[in-house]
Amino acid sequence: MSERFEQGVAALRRQMDARIVSYFSSCVHCGLCAEACLFYTETGDPKYTPIHKLEPMRKLWRQEYTFWGRLGVKLGLADPLTEQDLADWESLVYDSCTLCGRCSMVCPVGNDIAYMIRKEREGMVAAGYAPDGMKEATRRALEIGSPMGVTLKTLQATLKGVERNTGLTIPVDVQGAEYMTLFSSMEVVNFPEYIESIARIFAAAGVSWTISSEAFEATNSGIQIGDSKAAGELVGRVVSAAEKLGVQYVISPECGHAFTAIRWEGANLIGRPLPFKVIHILELLEQLKEAGRLKLEGQTDIRLTFHDPCQIVRRGGVVEQPRQLLREVAPGFVEMRDHGVMNWCCGGGGGVSANERADPLRLQAFQRKKKQLDELGVETMVTACANCRIILEEGIEHYGMDVQVTGLTELLAEHLAGSAKS
Amino acid sequence: MGKKSPEDGGRRRRMMFRAFALMLAAVLLLPLMPYAVAYVGGITNPNPGADLWRQVRQREAPPEVRTQVQGVDTGVLINARGESWREFRMEQLIPWSGWFLGGMLVAIALFYLLRGRIRIDNGRSGILVQRFTVNQRMAHWFMAVVFTILGLTGLVLLYGRFVLIPLLGPEGFSVTAAACKEIHNLFGPIFPLAVLLILFYFARGNGFHWVDFKWLAKGGGLLGGHASAGHFNMGQKLWFWGTLLFGLSLVASGFVLVFPNFGQGRLIMEWAHFSHGIAAVLFIGGAFAHSYIGTLGMEGALEAMTNGYVDANWAKEHHDLWYAQMEAEGKVGVVPERGLSESSGGPETAGG
Amino acid sequence: MFLDFVEGPLWYVAAAVFLVGVAWRLAAIARAGLKDDLSVPRTPGTTGAVATVFRRFLPHREFMRPAAFQMVAGYAFHIGLFVLVLFAAPHVEFIEQRILGFGWTPAPHWVFLLAANFAFAGLLLLWLRRMLDPVLRRISTPDDHIGTGLTFVVMFTGCMALFESHDFLRALHMLFVDLLLIYFPFSRLMHAFTFIFSRGFTGATMARKGVSA
């Protein structure tokens, strides 16, 4: 076995905590997780059964934690984990899983299968078995500061455009501001309307905020590829910048995994509690609305629905806020039948969107979202994650559907009281 | 007493003799008096016990018979029908059904020897069509397992004494029979569930159409030639409806037999026993044929019920109308378990 | 002789292996350890853990339909088995005499039979599905089939001994019970105990995130 493989096994072994051991012990192979996973339901291929994606890790658990496994190893009768297993499972672990966690919601014995896949990826990455697209994204994130290669210059150019359009000054490196916000590269490059929207909302609500020129990237490729070291490095940059500016809050933008990275894994990655509070933009907006600082006017009566970004809603706990905000400006809001924490993934999270090899599978899996939309018959879908947005738009185009996708913050900014656009 | 003459002593002796003779005559003739009375017109009673025994052996309900113990059949002291039932079971049911089942096995063996395994004439094409869903297969095998358990234990209950005692001895048979009785009675109530599942998952497609009668006329192509059929051919349809009818009979009679505490009298129990036995034996005979044709008898048949798919050529030869419909719906060659496959026409790709 | 063996020495061995084995497996989970979660929780993890242990007995509303078969057959089997193991008269007697020293009122005979019917039907349907459904065929291991098969044989021999008239049948049942107890800690049957941990851990994490799972 190669040294790379040994490193992979060592990394995988390090992930075996009490949760993982209890999960493998409890799994009775009931197959219900398959029914929750859009990669299975839209293909009918049993290899996409979520727990099946964990076969390499299960093999390691079996040969190190079970009687029959250990006996088998001693007698040379075992079916041990091999490098070929890692190679064979790479596409299952990375192309057909977005870490959306819907499987974790339905397992009768309570296994958090998405957590298990997150841990398994640590071993895969250490052994070198990860999609090239994702490896490149992580490399760019570590070297340049953004998985899409967005530099400070790119951001500054975008901010200039925002300042021109809004007539506001974007605060950068303001010492002692209350909130420091991050952006995902996707927003900077594809949806700068988001930056415009928060600039205008914060100005209207009188929020003291800033951006750090040293760390503005929200996306964490380390989380997606399963490299805790890289993930910790990326979070560390944000923490340093926030400490330097002495902010109280760090705002996580409309990006799913960014929220998971900083809010739920951040402290654990750097090994100490975060010296600030993390708040999601939707949480902040809802707070501002409740406090009367965010004044909205006018409503749109278009019939629209909301796509729940998995990492923000199901895995992030920001469930009610988007709905409360949406109802303020859109009385025509209808929920998908499976909504909230049980909504279906767009199919592009967890690094899948950075993985070109996964495109055909992702587009086939999109049929689930298509079915959800067809059932409602809406022409507008609102969401709160830039990655979801681009994936949804791609899927809609692929199937020739007539649906518009809009960002929630953008929609709210359009209804800002006293603004010319409302 | 004074001195009497010798003639007086003689006269007294003659008087005493005459009195004694009269008394003797009276004593002897007295019992004949009732006859004399009857002759004149009184009681007739040739055998007073006959009535009693007639009533003891009868089965009529009160007010002919009254008992202190209230209950079903408590007025029956001796069940005269019991003997005739026993004779029926021992002399007719058991031997005739034994001949029938044995005959079925022999007939099937002969059919195999003469006709051989029905092959797919054009060989396997390698293209698959889904024939039965997971739920259908589950319903089928659930029925198969429950039926086999009940059938085997039931056969032990029917034939065990004759077949097994020579093999196991009386004590060994006692254990076996006790075990079989318990298994049979416990699995019995599960059988209606199996029948319901079969009804639910196989009703669609089992209606009779003209093409099925033509199939029957051609002997189903069993002895050569081609007979058109849809999803299910006449043989399968008869088996489906037979399952329902036999099943219903077995369930109804089974419940009567296993729960005898609901006021059934011996008569109802006998009828239940009778129909249970007949239905069971006919059903088992059919099961022999069904199992044969689904396994050894026909190439390409078993896989329909194990993994749900059949070869396209098999479908064309045996269920051509159904195959045509599948083709029209684009369902030929679609095998999700094998990865993202192309549908209809070319061989499916073996997915990663 | 046979009965004395399976209710005597073999029973003691089986019970010991079962108790020690289960404790060992549970200790292994604890020994694997878990790092503290340093992120700020929205609601306490401990209450979430307990809540999820109970909540997972039923699927989410949106998932009722896909889970329907497993739920109905699964509960028919589990509840049926639970009732007949703990409340059948011969079992209560055994528990009283050989295990706890005290017993309780057993269920009437017809309840025993009804529970057994449900248990058999559920187990058979689930086992058949495991052999026929493509997903289950892909993920099932020999352990799944052995565990199911052994449980089935225990139930089957128990049914055979229902008349309680032959020592041989009782001993046969007891033999398989002993074998099942020995097999238990080394198999997936451990889920009977570990599910509390797996549900608890996930429930704690999700509760900290503010999601009722």
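The letters A, B and C name the chains in turn, as written, and every chain counts its residues from 1.
Note that contacts are C-beta pairs under 8 Å (C-beta built on N, C-alpha and C of every residue); 3 or more make two chains touch, one makes a residue touch a chain.
This is a predicted model, so every value here is computed, not measured.
Chemist: Of the chain pairs A-C and B-C, which one is connected by the greater count of C-beta contacts?
Modeler: A-C
Chemist: Based on Cα centres, what is the most central chain?
Modeler: C
Chemist: What is the distance in Å between the mean C-alpha positions of subunit A and subunit B?
Modeler: About 65 Å separates the centre of subunit A from that of subunit B.
Chemist: As a quick test, compute the distance in whole Å between the mean CA positions of subunit A and subunit C.
Modeler: One centre to the other, that is 37 Å.
Chemist: Calculate how many whole Å lie between the centre of subunit B and the centre of subunit C, each centre taken as the average of the chain's C-alpha atoms.
Modeler: Those two chain centres are 38 Å apart.
Chemist: So which stretches of subunit A touch two or more other chains?
Modeler: Residues 46-47 of subunit A each touch two or more of the other chains.
Chemist: Two-or-more-chain contact residues of subunit B, please, as numbers and ranges.
Modeler: Subunit B, residues with two or more chain partners: 336-337.
Chemist: Considering subunit C alone, which of its residues make contact with at least two other chains?
Modeler: 133-134
Chemist: For a test of understanding, state which residues of subunit C touch subunit B in their complex under the given definition.
Modeler: On the subunit C side, the touching residues are 113, 116-117, 120-121, 124-125, 128-129, 131-134, 156, 159-163, 165-166, 168-169.
Chemist: Give every residue of subunit B touching subunit C within the complex, in rising order.
Modeler: Spelled out, the residues of subunit B in touch with subunit C are 134, 137-138, 141-142, 145-146, 174-175, 178-179, 181-183, 186-187, 189-190, 193, 306-308, 336-337.
Chemist: Which of the residues in subunit B come into contact with subunit A in the complex?
Modeler: Against subunit A, the touching part of subunit B is residues 336-340, 351-352.
Chemist: Going by the contact rule at the top, pick out the subunit C residues touching subunit A in the complex.
Modeler: Where subunit C meets subunit A, its residues are 25, 28-30, 32-35, 37-40, 42, 52-53, 56, 59-63, 66-67, 70, 74, 130, 133-141, 143-144, 185-186, 188, 190-191, 194-195, 197-203, 205-206, 209-213.
Chemist: Which bits of subunit A are touching subunit C when the two form their complex?
Modeler: Subunit A reaches subunit C through residues 16-23, 25-32, 34-36, 40, 46-47, 49, 51-52, 65-68, 104-112, 115, 263-268, 271-274, 277-278, 314-317, 319, 337-338, 341-342.
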